[in-house]
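Given below, in the form of structure tokens, are the structures.
Shared between the two complexes below is chain A, which pairs with chain B and chain C, respectively.
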Partner chain A sequence: MSISREDIEKVAVLARIKVDGEQVSALEKDLGNILDLVDQLSAADTDSVEPMAHPLDAVQKLRPDVVTETNQREAFQAIAPATEDGLYLVPRVIE
Partner chain B sequence: MHNKSVAELSRELESGRISSVELTQQFLDRLKTEDGKYNSFITISEEQALAEARAADEMRAAGKATVWTGVPFAHKDIFCTSGIRTSCGSKMLDNFVPPYDATVTANFKAAGAVCLGKTNMDEFAMGSSNESSFYGAVTNPWGLSGGDKRVPGGSSGGSAAAVAARLVPAATGTDTGGSIRQPAALCGITGLKPTYGRVSRYGMIAFASSLDQGGPMARTAEDAALMLNVMAGHDPKDSTCIDREVPDYTATLNEPLKGLKIGLPKEYFSDQLAPAMEEQVRNAIREYEKLGATVKEVSLPNAKLAIAAYYVIAPAEASANLSRFDGVRYGYRCEDPKDLMDMYTRSRAEGFGNEVKRRILVGSYALSAGYFDAYYLKAQKVRRLIQQDFINAFREVDVLMSPVSPTPAFKQGEKNTDPVSMYLEDVFTIAINLAGIPAMSVPAGFVDGLPVGLQIIGDYFSEARLLNAAHQFQQVTDWHQREPQ
Partner chain C sequence: MQWDIVIGLEIHVQLATQTKIFSGSSTAYGAEPNTQANAVDLAMPGTLPVPNEQAFRYAVMFGLATNAEIGRRSVFERKNYFYPDLPKGYQTTQLAQPIVGPGYVDIDLADGSTKRVRIHHAHLEEDAGKSLHEDYHGMTGIDLNRAGTPLIEVVTEPDMTSAEEAVAFAKKLHSIVTSLGICDGDMSQGSMRFDVNISLKPKGSDTLGTRTETKNLNSFRFMEQAIAHEVERQMDILEDGGVIVQETRLYNGDRDESRSMRTKEEANDYRYFPCPDLLPVEIDDAFIEDARSRLPELPDARRARFKEQYGLNDYDAGILSADAKLAAFFEETVEHGKDAKLAANWIQGEFSARLNAEEKSVAEAPITGAQLGAMVTRIADNTLSSAGAKKVFEALWTGENNDVDAIIEAKGLKQVSDTGALESMVDEVLAGMPDQVTQYQNEEDPKKRKKMLGGFMGPLMKASKGQGNPKLFNEILVRKLGG
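On to the complex of A and B.
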């Protein structure tokens, strides 16, 4: 199964990864090969099979709705690329 | 001292013949002079290691020592270590110093173990050769005398190479599709991937959350048991971690193997396996027969679909997990972003390497509108078929045995230009992750001077039995004691 340049460009936007023209050509080949490999799945008969999300079919555990974590904002923000007044800074979104 | 096992080092410390500070300094000195040949470490945390060693000596003086107190080891650079850079082998996290410990990290600290540093790995654990690390490839200590630089396997290649080269007696690893077992096999050490949910994933940087599992890498099964005793257990911070009693994995190591029923999956002795490899694996299985085990052939008819299912599920989950690396809260941010979208797309383009980007793109594609059912849902259904094969097999036998990898360690640069040929390296290991069952790699011989691993696969939560089977084998063979020249 092949994947088109347009598909790659579209999925790169979805994945928020910048790709240039040369990279798209390389990805066309590599992703095409990977999808060929994956295509073996279509031959499997899975009509009455339930999808498996957890090997032991475990379900999410619930806990009491009480605060257990302490505020560590300073520790977390100390490793951020840019912060100000306890807020994370990003390029301006609204002019 | 560097040739001693964890168990032996622990006895040295207990006898008072050496202090942890002395022992740690010896290992650090050796690590600094020797690792240039292998590049098995990303970070050596000398200062913290010596502080931990001093604390360990005090712990012992106060009568509170455990088996691990004062014993040096290393963490794969995927386990968060408070105050020590945790890079996951990526430029994206080159500047990331976690403000917290992974549960596995905290467990070793509580036991008084001394972490010497963080081992090299494929970027975000995606790889089978340790060539995708931002910090450069790792060289296998085996095969160097032949003049070729060979891969240690991956993704836990740094841990495997460091243990094989006697730089540390033991190191942690993680295994999503074979990343503990394959490097253990290629470097001639002992590695165990536990049952999914046996070891907490909290603070272990996520690749594919329904497959990832941390586990021990050491030279002996006994040391792997000592590691798993510290690593395993329920953790409220990981909702997929199983709440089930942890046995003392060393307690059953000496059980006799008489009557053990071994199954050989015929699909794992296929033409993908090099004949010289098969001979070594079959010799190892004959040793088990001498120990009283019986052998029969079994079939895993859906095993051939494992790689295909894996390369949907793992990239899909990776694309979701790695969306957190956006240049906002931690990690790499590109220079002079012109707007928010530019910041996201360039930070990720510049921060991730090629294999990671490929997998994120495949995963995003498989999860995108119109493709979800055909790829992800289909793969999850195939996953259940694969699991059912193992469940059926374990109705007939106690353990399965097979090779770990189709070939011994290959040369650096041999497979890293073709992603699919690299993926096939994990043909015998991936189904185990999809099923969520435990499996080990045990040194079982050599081909052309390069180590061969025997894979021992067990039913859910049978880690004690696997370690017992490996330990008994190591009582009658010396493959695990061979040292690279």
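On to the complex of A and C.
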């Protein structure tokens, strides 16, 4: 199975990864190879197999609804690039 | 051309847990920014989510209250998108295997009919943080206290055909989740948020039209306005021969305007996949039965009981039973006030009007049901006239005095119900108004007579310094004037 340049460019936008023209050509080949590998798996008959949500055959433990965390804002904000009034500052976003 | 309106809703309900869905951070509202955002909520490397049992209990209670199948095995998935108030770069949510399966809610409509609205499913997920777009030197401020707050998203089938039905459903859902105690229902703080999917089709057609989604409506009024606005917008386009673009729209309630947020072409490709950090959650019979045992009385049952137990009519019972806190206030009032109908009138009248005027919730009311009940008792036993009761209510509300009998005493509001005293006042007043008496006695039309009778009440109330029992005055007047 092959992957188109358009698909690669779209995935790159969604993943917020910058790729230039030359890289796209290389990715076209590499990703195509990976998809070919995955295609081989499609040969297996999975009609009677339930889709797997998790590789471990275990179920999730739940936690009681009790506050266990304390305020550590100062420690977290010490490593943030920009903060003000207790807020994390990020490049302006308006949707 | 005639059109059918098709409406489906997606409703985000913030669960009233103490902690977040995947961490032990507090969810208390109003804390200083980012003081309740810890390593898991901030998506620090190496952290792992652990789901909150109470969030599952609440979701199961919701499912049981909406006649739904409970998902015995539910799976969390990652919904991937970039936005700075979502630190992980994905929202942990449920998709193919949600905790609550198909269910339904019956809604009552203004014409007295009942309509069933089907719920497709309800799933558990986490809320995002808040972005503050005020100017921080050209940057955006992020508060992640809300990030990770548990939500259930309720998705209906497109079963509603008007704004009235959609609002009735939204109000019913609000009534159910607040009665269950799984959500505080405070819409002004975003505890319930509505997305409305709307499409039009030619009347009677079986083919659905293209739909739009109007997001994040946080009041019933805005929801009603947004639906009216969007229906009209789509109708104008279709009748001009245009086509509806599938898109997400934002509605501005203050200006009654909407604008496109993104079209299908720009739509996010969320690339859902099962979250490897979380195992499937299995819910067993014991958990479900425990949740069932915690179910309080639900609005429909309460409404039926109010009619049966207090003899209320359907309308009064409907209003007083819908909100759990108002219902509790009403029952406390009746317990201390005996007369249920009078209690119902005062709560729906003066009490609700004051709450609305001061934008207060029932919980914030400055008077208790016991106090209002004591006042109702004094109206019922004829100690207070309705005018006197208004003065007592005022004194209770402003906190001037919180004892009803003490207020009546201090303000001299005790009605005179001594028939002898009242009779002599009537004699005196009638003697001073001979023309009106003759006029009354010559009048044949009973309606006009009744109106003329009112003309004597003013002077009588004046003569009794406002303390004469109007009902008794009326009886005496009718007798003395010769029916």
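Heads up, the rule we're going with is that the second predicted complex is superposed on the first by the 90 of 95 C-alpha atoms of A that agree within 3 Å, B and C clash if a C-alpha of one lies under 4 Å from a C-alpha of the other, contacts with A are read in each partner's own complex, and residues count from 1 in each chain.
As a working rule, a residue touches a chain if its C-beta (ideal position, glycine included) is under 8 Å from a C-beta of that chain, and two chains touch if they have at least 3 such contacts.
Predicted, not measured: the structure shown is a model, and the values here were computed from it.
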Chain B versus chain C as contact partner of A:Gln72, first or second or both or neither: both
Partner chain(s) touched by A:Thr46 [first = chain B, second = chain C, both, neither]: first
Which of chain B and chain C A:Asp30 touches, first, second, both or neither: first
Chain B versus chain C as contact partner of A:Ala58, first or second or both or neither: both
Touched partner set for A:Leu87, first chain B, second chain C, both or neither: second
Set of chain A residues, in rising order, touched by both chain B and chain C: 10, 14, 16, 53-54, 56, 58, 60-61, 63, 72, 76, 82, 88, 90-93
Complex interface listing, chain A residues touching chain B: 3, 7-8, 10-19, 27, 30-31, 33-42, 44, 46, 49-56, 58, 60-61, 63, 72, 75-76, 78-82, 88, 90-93
Touching residues on chain C, where the partner in the complex is chain A: 17-19, 23-26, 32-39, 42, 44, 50-56, 75, 80, 82-84, 97, 131-133, 136-144, 261, 269, 271, 274, 276, 278-282
Touch list for chain B against partner chain A, complex: 95-99, 195-197, 210, 236, 239-240, 242, 302, 304-305, 307-309, 311-312, 319, 323, 326-331, 333, 337-346, 348-349, 352, 357-358, 360-362, 364-366, 368, 374-375, 377-385, 387, 418-420, 423, 435-437, 460
Residues of chain A touching chain C in the complex: 10, 14, 16, 53-54, 56, 58-69, 71-73, 76-77, 82, 84-95
